[in-house]
Structures are given as structure tokens and as C-alpha cells.
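This report refers to the structure that appears directly beneath it.
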Amino acid sequence: MSEQRPAAAAAAGRLPVLKTHKVYVGGKFPRSESGRFDRALAPDGTPIANICRCSRKDVRDAVTAARAAQAGWAGRTAYNRGQILYRIAEMLEGRSGQFEALLTAGGATSDEAAAEVQAAVDRLLHYAGWTDKFQQVFSSVNPVATSHFNFSILEAMGVIGVLAPASPLLGLVSSIAPAIAGGNTTVALVTGSQPLPAVTFGEVLNSSDVPGGVVNILTGRRDEMLAPLAAHRDVDALLLCSPDPDVARSAEIEAVHNLKRVAVRPHEDWTDVQSPYEITDLQEVKTTWHPIGS
Amino acid sequence: MQLSPSGARVESPPIDAVGVEERVARLCSRSIKKDAKLQALHLTLSMIDLTTLEGADSEGKVRQLCAKALQLHAALPELPHVAAVCVYPALVGVAKRALEGSGINVASVATSFPAGQAPIEIKLLEVRKAVEAGADEVDMVISRGRFLAGDFAYTADEIASVKEACGEAHLKVILETGELGTLDAVRRASDLAMRSGADFIKTSTGKIKPAATMPVVLVMLEAIRDHYLRTGEKIGMKPAGGISTAKDAIRHLVMVRETLGQDWLDPDLYRFGASSLANDVLRQIVKQRSGIYQSFDDFSL
Amino acid sequence: MTDSTESTGHTAPKLRLGNDDGWAYAPAPESTDHVELRERYGLFIDGEFTDAADGRTFETANPATEEKIAEVALASDADVDRAVAAARRAYDEVWSQLAPRERGKYVYRIARVLQERSRELAITESLDGGKPIRESRDVDIPLAAAHFFYYAGWADKLDYAFPGRGARPLGVAGQVIPWNFPLLMAAWKIAPAIAAGNTVVLKPAETTPLTALKLAEIIRDAGLPPGVVNIVTGAGETGASVVQHQDVDKVAFTGSTEVGKLIRRALAGSGKHYTLELGGKAANLVFEDAAVDQAVEGIVNGIFFNQGHVCCAGSRLLVQESVADEVISKLKDRMETLIVGDPLDKNTDIGAINSRAQLDRIEEYLEIGEAEGAEPFQTSCPVPDRGYWCRPTLFLQASQSHRVVQEEIFGPVLAVQTFRTVDEGIAMANNTPYGLSGGVWSDKGAKAFRVTSRIRAGVLWANTYNKFDPTAPFGGYKESGIGREGGLAGLHAYLQPEQAA
């Protein structure tokens, strides 16, 4: 595990191989185009890894990847999207030890870390099951007063810009899973103090049949990345997971450029943030009319 | 897609029934008042094929009908006369003599009206007999059974043969739309009839319901329009069956005016096949002039 | 029809379709006898009609004659304050305490009286706004009543609105509506809001306040508790005051995208609920296998309904090349039968443009289109000397880069383009910042549903156009708005899940 503290590892007599944490964009793991990095720190302030400090150009590239993937992802069958979400759960379960170690390195107790990983797996499973059900619960056939067949279905909003929660694994999973379950693609900005579980989650996604570009994960500073993402005219909606009203407000103002839909999630504890409304909040309603005649 | 006798492709555009009904509803919302109404009522009278097609028809009944055709309402001698009197072949001679010199045509149904279930030879013989007896116009029925079975070539050949047998007489082709089932079939039958020699296309025999519904008539008018735009040839239209009030007739005229234009507001290109329509129109004309609502007993049968 | 072998080759056949030739329809004006209009209208606040605090008024005029109809109170910030306070008090003390079933009964009452007074309302709507009586009578007023009926029934069924969650109202709703469907938009706003248990402050458009004020009379006569519905008249400043009011919990706006963005910006960070129904530039796609005559009718309904003052108008016609000549030729013929003129005449198809300002805007686009190189076509229908009129207009040979293709004109002006393949048609349809609506004409069901599923818009009409129903959600994707009105989705716009409250 590269996330062992370098000093401790050296004391053990073997020089560890330190991992370079790259971002996840378009199904690949590039470095930030800016060539900059930040240090991820342990709770006591010890540097534990270098992580990319992404720029507005990285945001742009991630949006391009998300847009390219969106129609194809939304065009998959609900069954297939469910299978892929289930596959993510399987892969995460299989790497639970790694994630527990990452969370522990970030300050969680081992019990807390184990609980968070399990909750994240279960959450993925929950939304995997919703992919082919939310449409049934929330769409409608409308009994119009003319001779028309009229129905309203939900359609993915498109590309969702996600300001990922501080909660390093469960929060990220809880925000992204309902978005992609409904056929959206995402650009997630990981800006909290513990980015390592998130960037490592990219590796899980990459080995889980998730098409490249469906989830894109950037690390860096909120101040640099959120405004260009929120203003980007090819992003359809924002999911702002932040308890800070000023953050939401400034992002909402940027979002006005193309009238992005904005959902705000101020939760700090993501344990109970799970419902089909997390999916439907990122869906459009489309009403279709067709005559009934002969 | 089928081949007509001339080898031309008979291809008709699809029809959306709900859209047709909406268009009809909109046309029916036209409000025809005052001079426009009076003009329409006069026009209607001039377009009527005064019709009797009963098993019980007699020479006396036909003579009475012809007298009515000649003089619709004694109190209003300036009214136009009807376009034609329509009878069975056996009574064509009677009608012809009664209407001599009036300018009113005699129309005869033929081709084993109304069912059309007879061998083609007999149908053609009937047509020739009617024309020999003096019929100016022949109202034939198509063989709906063959048409519905998809034998469009047969239907086309049948119409072409009847047209030939008509000689100088004008041919109206009755589609009996109430038996065709869909507006798509109405459109296809209309196109087929026009390409096979029809001078007029006509909705119904009057023996089957529904008959001349507004959606059916609209689809036929659109077929006539498209035929005209494609060939320059003006085919006539005759709704028959179920048009019994002046209000109905005016709605038809609105539909004609807005689909085919002013040129078709002419007895040479538009007819109403009707028996009771004339008197309701007369009632309305007298009411328009006098301001007093009229009784049917004020008008001769 | 693809067969041209029978052509005679002489002068092209032509239909004589105008109304000024041969059998012409006589004027058929709707009688205005029993319609009572006051010379002055006040604000409707807390169940009473009152003058504006500062006594200011504005005039509303008949766009068909340019004559003043009435003076209407102009609400200032102080009046809006009063209206919001009344709404808050009514919400806290009365409306939120009332049994849902009883709340529903009030809403039903409004629906019933709307039906009873439908003729008067239709005439008033046509007088004040210029729309043809055929539309106000057959569309606006019946649909407005239907909306109240539909949402009245929801009042005691809110527990079924969100599966797995309870529901509660939001509080006070501030609502601003446009001039194109004055009473209908008031119904779209008020009916779901009050049925769900909210109270409202509604601002009608300054050129069309009268039917909303008649609705206020109806609401008063129906015995609704004072303050549940408040109607404040005025222009943009009054509207801004309503939507920016601190004590409003929910904002509902229908109007331009430009103003919608200003409102959205003002609401940023407030956590308030909002729905925005904004502009559009919808594509109406006609495929080669369409039922041509019904498609032509749909094109006409799509763009010439309500003088084209319709946010979901099918203002871009996209025709497949193989049928373009036929469709355009038939469209021109059909347009010749459209009668422009007196909105109160029962035969009028296209009434008056709503205001001088709107006519100026349309005429500016007519110049722009020509300057851009699109080929204009207008029908020969005569128009009256006084009043604001625009003949039905096509811009043929329009291009995707033209402003008349990209920008919302909000008038009877249709930009016509052609496409070759299904994918090209879809790409052109989606090549716009708007996403309110779209139309598809094809007799092939599989194709129609493929296209509707790929157009990024909230309302898709396949083989029909401009149909509305209270049960059918309406609203836009992209810059055409946020949220839905109508149906269950429209109810959601006025509720919050219990646990979030």
C-alpha cells in the first residue's frame, strides 16, 4: 500500500514505491494538463501523497469526455446500466481492504472505515436496482381530453457537474450513483481534504465496465474548478454537495449562463442520503403526444 | 402499391384520421352569416341532385320529383333549379321527358346499385341501357368486396370499362365509403377512381351508414385537389347520404372553398345527393328574407 | 405523391383560395352586449379591490383598434408588500389550517364559475389581447376552467404526490405571467398553487390585465378567504418586486429567457423554490412518409396559433428534401385561406399582434430575415387600417446561421429549412439553446418515437402540434425553463416532501 507514510515505511527497512495519483477523465488516468500538484495530508499534517491540482482546462476536457459519453450511456438499456452499477459494487467490495486503509489513513477508525466502505457498496447496489424501476414509479400516462396517447417519461438531464461532498467515499458514491443510474454522465470535483479514496474509486470504475467518460473525477481546488464548471454552457446541471451557502450561491450565479438545473445537498453525513428522488432530481420530464386513430 | 390499367403507380399518401377530424372541426367553426349565407343557400340548391332510389319508385313519383326540380318553391320563381334528378335506370325515360328543355340533367344509378354484386357484363349492359334511355350522368358503384380484398387492378379496370360504356355521359363513381373502413382506403379509392376515368367521385349510395361524413368528404376533396395540381384535370365531387340540413350543406361549401377553392363552387364540379335537403334550404332562404322561421308544411314534398 | 408523369405541361394549376374572391364570408362579429367592463380596475389584495397606494395607474388598450379599454392600478413595492403580507397571513391563519377537502371545494367553485362566465371571459380576452375569439372561446377559457378542475381534485390527495414521502405546501407563491394566454396562464399558476395549499400573489402582464382581474372577481364571488389569491397589476417593476420579495417562498415565472435569467440570478443561494417557463424556437420536422395534409395543418397550428405568440410555437419548419416542394406549396395554399383581422369575428384565424412594441419587434425580424438572404412569403389577405397586424409569413431558404432561425420572434413568422436524413433533421432540431417543444410528422411509428426520444425538449408532439391538457406536464429543457406545469409534475412545483419541510 503506497499510502503508508513514507517515514514509517523507510523505518521498516524497505523503500516503498510511492503511487502517483492521477485524475480519471474519459476512462483514462491523465495528469493535470497544468502539471501542478497538491499534497494530500494525514490528519496530523504529514504529507501522504501528491495529487493533481487540476485547472479550468482539465475541467473543460472532462466536460468534453462526459458529453461524448452521454448519449451512448443514456442509450444503454436500463438493465445494462443496472448491471454495470452492480459491477461497480462488486469491484468495490473486492477492494474494500484498500479503501479501508485509505480511510483509516485519513483519520477514520477501522470500524468507521469498514462501515463506510460497506455502506458505499450497499448504496451502489441500491441504485443498481433502481435503474429499471424509477421510470415505472415516476413516469405517467396522462388521461388527456382529446384522442391522443399522452405520456410523460423521465430523461437524463445530460452532463452533471458534481461538487463532490467532503465525505470521501460514501459521499462521492451517493452523489454519483443516482446521477449515472439515470443515464447522466458526470464531472466530479473532489476538493476535500481526503481525495485519495475518490481518485482510487476511479480505478474501481475503470475496472467495472463503466464506459469511459461516464464518470470523470478531478482533484484540485474548489476555487479554481467550480466556477468554470458551473459556468460551462455544455453542462446541463449541477449537483452541489456543500454545506456552505456561499459556495452554492456563487455556483448558482454562474449556472445562470445556460440555466443549469441546480440541486444542492448540504449534508455532512451521507449515511441516510438515499432515495429515488436523488435520481429524479437529475431527470427532465418529457411529455409526448400522439393521436389515437385509424 | 398497385398498377392501374395505364401502368401508372397508384400511390396514395397516408391519412391521419385524428388530424382530419381536427381540420373538419376547424372548418365547421366558420360562421356564415347574412349575404354569404344567402349566396351559399342559392348555390346549394343549384348543386342538388334531387334523388329517389326506392324499390317502390313509380313513374308518378318520378314525375312529381321532376316537377319539384323544375319549380322548387312557387313563391320564389327566381331561385335556381337543381342540377339533376337521380333515378334508377328503368325510370330514366320518364325523367328525361319530364325535364326536357329545362337544363336539368337526368342522372341514373347503374352497375347493380347499391351492392354492385353482379357480373361485369350485366353492369355494363345496365350502363348502356341507362345512357340509351337518355341519362346525362351515370352514378356507378365500385365493387367494394374486390377493393377491400386488395384487388385494385380489378376496381380500376371496372371503372375504366364503365367509363367507356358511358360514352358522352358523365361518370360519377360511388366509393361507398361507409364500407371502406378507413380514411386511407377512402383516399386510395378516390385516387384509383380519378385515374381510371371518373368525372366525379361520390361518397355513398345513401343505403349504408355512415355516408357522407365530413372527414370522408374532406379526404376526397384533398384527393381531387392533388389530382388537379398534378394533372390540371378538375374532377367533381358528390357527397350523398346524410346531408339533410342547410347548415350541413354550408359546412360542405366552406370545406370545398377552403380545400379546392372557388372554382369548385359550381354545379359542374360539386353536387349534393339528397332528397330532403332542398326543403330545408328553402326554409332558410325564406327565413333569411322574411325573418320568420318556417314550417316544413310551407314547402312542397 | 411522387408521380409526375401525367402533368399536362400547360400553365400550372392554381387554386383560388382567398376570401376576397367569389363566395366571400360576411363579417360574423361576436356580440359584446352583455360584457361589462369597468373604466377603472384596482389591485386585488386581501379579498378587496383597492387603488395603488400612490394612486398611479396605467392604461390597457385594444390592440385591434388602439383604443383604451380601461385604467388599471399600477402596483408599487408598497402594494406588493401589502399583497405578500395578506398572502402570508392567509396562509398561516386560514389556508394551511383548512381541511384539504374543503380547500378543494373552493378551487372547484372557481372552475365552475369560469365555465358559467366563459363567453364574457372569451370576449374580454380577445378585446384586451387581440387573439381571435375562436381561440379564446375554444381553447383559452375551457382549458383555464379545466386546469382548476384538475388541480381541485388533487387538494385532498397530496399524500399520493410523492411515493414514499408525505407532502406539504411551500407557503406564499409569487407568480408573474405573460400576455399571450392571460387567463390560461393565471389558471396554470393559481390552480396548482392553491390546491396544494399555498397562497399566491400574481402579477398579470401590463397589456392584458383584464381577465386576471375578472378572475379576481370570480375568486371573491366564490368566497375564497381573503388573501389566498392576490392580484397586483403593473409592468416589469411590479413583477420584479413580486419575485424578489423576501417573504415569497416560491417563484413562478412565465416569460422571456432574458428575464427568466435575471430572476434565476436574483434567487441564487436563496434556497427558494422556482419554476421558469421561458422562450422557445421549436423545430417541426416533416418526414417524407408523413400524412402530408395533416402535417400542413399541424404546421399552421404550430406557428399561426395565437398570432405565433406562443413559447412552444413550431417556429422552425424542417422538411425532408424529397417532399419539401409539395409541403411548401400546400402550406402556401393553406395560408391563403387564413383570415387576418377583427379578433371578435368568429371567422378570424389570426387576430391582432398584442402590442405596438411586439409588432415593432416582429417587423424588425422581417427586415432581418430579408437582409440575411431568406426568401420571404406573405399571403395576400387584406388587413385592417387601424390596429397591429402581421400577415402569416414564411422565410424560405432559411439557414441555421440566420437570426430568424436562431431567435424567438414570437409572431406569425415561420423559418423554413430542409434536411435529407433523419439524423440531420434531429441535429438541426437540437441545434439551439432552447428546448421547450418539438413536432414530428411521420406515418411510421418507429421513426416518430425515435425522433421524439432524441429531441432535447420537454414537450414533443408527434403527428399533432400545440395540444395542451391539464393532465399533461409542460415545460422546457435547456434555456426554455426549469420545472413543469400541468399534471403531477406541475403539482410537485408547489409542494415539498414532508421530510424536507
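Think of it as A, B and C in the order they're written, each chain with its own count starting at 1.
Definition applied: a contact is a pair of C-beta atoms (placed from the backbone, for glycine too) under 8 Å apart; a residue touches a chain by one contact, two chains touch by 3 or more.
A quick note: this is a predicted structure, and the numbers were derived from the prediction, not measured.
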Select the chain at the greatest separation from subunit A, using centres from the mean of Cα atoms. B
The larger set of C-beta contacts, choosing between A-B and A-C, lies at A-C
CA centroids of subunit B and subunit C: separation to the nearest Å works out as 43
Chain centre separation (subunit A, subunit C; CA means) in Å: 38
Find the geometric centre of each of subunit A and subunit B from their Cα atoms only, then give the gap between the two centres in Å, rounded to an integer. 70
Residue numbers in subunit A touching two or more further chains are 148, 291
If a residue has to touch 2 or more other chains to count, which residues of subunit C qualify? 463-464
Check: subunit B positions touching at least 2 other chains come out as 16, 18-19
What residues on subunit C touch subunit B, complex-wise? 1-8, 10, 13, 15-17, 21-28, 134, 138, 289-294, 297-298, 329, 337, 346-347, 443, 463-464
Counting only contacts in the complex, subunit A reaches subunit B at residues 147-148, 291-294
For the complex, give me every residue of subunit C touching subunit A. 146, 162-165, 257, 260-261, 264-265, 267-269, 271, 276, 278, 433, 448-449, 452-453, 456-464, 467, 469, 471-475, 477-479, 481-482, 484, 487-489, 497
Looking at the complex, which residues from subunit B come into contact with subunit A? 16-19, 21, 181-183
Which positions of subunit B touch subunit C when the two form their complex? 8-9, 11, 13-16, 18-20, 22-23, 29-37, 39-40, 43, 222, 225-226, 228-233, 253, 257-258, 260-263, 265
